[in-house]
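Chain IDs A, B, C, D, E, F, G, H, I, J, K and L follow the sequence of writing; residue 1 opens each chain.
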């Protein structure tokens, strides 16, 4: 692993279901243009409220991928 | 949205089920006295342990609402 | 509670399911050698990605227990 | 000053003009219900973008006032 | 404890004597309008200097209380 | 808004006039290659000094835009 | 001192009297199992409130000791 | 630039007009005794409130200058 | 107060008695060379341990004074 | 320099030798696709351990480059 | 890797040579009592000065190891 | 050591060789005007890039010295 160089980008995914689903949604969308994603780190967890209920979760993540 | 003024308050909700449920519990209780809640941000996730198991989750959030 | 002294340790648990399960896995493993665990605080939420999907979650926690 | 107790609240004001105006807008609105405001501290500066331009600034402040 | 919702507020108390007294002064004043205070956390310790001496201590705390 | 995925990038703009102008300069330049910018957050405010005067302001921002 | 290796642990002591006493209580309890403690750093100061009074202080410290 | 050693000091300037003016006021005053100031970084933005209006801004900066 | 410029310096005082005394010791020593000290902020609280007891407290403070 | 706009990206380089070499490895790899790199800032220093030895260093940096 | 539980401890190693050597010294000493160390993260870099020279470096690290 | 008062200053040294050398360069320069330096702490590690190579390292340190 020691001859790799990683680049990290920051994404925010959202979901009506919860935190885990919001992260997966961000990864699914990013995978259309980013290859070789290896790890992520949650940097912020927020959400919107409609009628006193969590309408959707918004989770920001840093995602690391190898530069080929 | 640019003529609004928001106030933020900090709440801690708890749940035996998980993080998302603890947040919703805080919002449900707060809605009895606070109107126009628009967004929240998770600031801390803690919990109590009983017999080596998570007995309940305690999630602190900042909640923003418009001042009418 | 005011005559207790707590010690805190930092653990990282993992799970294919989600954040709550990763925390419980860390507590279950730690309970083999640590007694009197009372509370925890989530300090970091990360994960590994395989084929553009969250392969497993890795959640770090501080765990407090009383020194007997 | 040493016999006073202060309470701090967090507000977010907005303005199309700039940071200073957004802070004043928050104070003007808050003054309708809060008396004896003495100081503030900027905690976050954000904004919305429309057509590649700053549409309005959103500045969050902590405001301290004496409890009578 | 897991069916409670807490609200946190931020106060600053002062005292010519020291840190502990400044915290108690803040709690005493707040108790006139806030009920069910359960815990506090010190967030900042400052003070004013007059003639090269600490004239009074100013200690900021977050105070948590249950919402009935 | 809950089916969007945002990406955030970090930019630093500069201006001889002030903070607001430095942010707009960064957005104007970035708009040549980035579409759908929605919000920004100021992360750092610095500047260069020439002859004891602020020669220009350098303001760093995180900018969020939707991934199409 | 440059051929020593230190290990740090985190403790929380409590006291009805004040901050300094809570720290000493943590050290006294820890000394039953930890030798060669050299320094500490206060990481958090909290407390419990009963009847609007500080019932006891809870002070968390990092304690460094040499590994023999 | 690589054979220079910088020293940083922290200043707080104030102004009735705004943030930029408060920074320049700090630099102007400091220039009476400090030479070779090269850069600054804003570390805190506060202000005093009189009659619900920002009476003056107080901006803290770190200023770096070369040691001759 | 808005035509003043403050400079902040960082000091560490120590005391066998406690935190408040360590702060006063730092101010007393600093007053030999610094005039017009107005406020301080505690930035770190540490201490040395001898024979499982707090031998002395070391408290670091930022001190602000006006530049004449 | 005041008419430039910088973009910052985050990279992680690794090396069996040490911190400086890991940073240079990240820059060498990044230079294949990024032009006009001007400065970097170390944001995290980690490493992997094999047989109780540092097998390789992993250093994360923010790199700033001008947008042409 | 997802069925492992890690524990993290904090160590400080020192060296007259440099940062990398101080880290290795901490790992070598810790390996006498800790098995299965996998990664570390540098948390603080300090040093002592004697006669205006760095007498030795003191580097603090968090070290993660699997609980068997 | 408990009757000493320390003052801390912040310096930035640079070097084409590496981090350790940049710190020593800062201390050597500072020793021309500062006496009794006892310890330092690294607060930031940056560098300039020329032709895709680290041209020089810039390391910022806090340095503590006793006030005589």
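Going forward, a residue touches a chain if its C-beta (ideal position, glycine included) is under 8 Å from a C-beta of that chain, and two chains touch if they have at least 3 such contacts.
From a predicted model like this one, the values you see are computed outputs, not experimental measurements.
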item	value
Partner chains that chain D and chain J have in common	F
Same-interface partner of D-F, chosen from the options J-L, D-E or A-J, over half of the pairs matching	J-L
Distance between chain centroids, defined by C-alpha means - chain C, chain I (Å)	38
Euclidean distance of C-alpha centroids - chain B vs chain E, Å	22
Cα-centroid distance, chain E relative to chain G, in whole angstrom	22
Per-residue overlap in chain B, given as positions that touch at least 2 other chains	9, 19, 48
Set of all touching chain pairs, with the criterion as stated earlier	A-B, A-C, A-F, A-J, B-C, B-D, B-E, C-G, C-K, D-E, D-F, D-H, E-G, E-I, F-H, F-J, G-I, G-K, H-I, H-L, I-L, J-K, J-L, K-L
Contact set on chain K toward chain G in their complex	9-16, 25-26, 29-30, 32-33, 48, 55-56, 58, 60
Complex interface listing, chain F residues touching chain H	18-19, 44-49, 52-54, 57
Residues of chain L touching chain I in the complex	1-9, 62, 64, 67
Residues on chain G engaged by chain I in the complex (per definition of touch)	19-20, 23-24, 27-28, 31, 37-42, 63
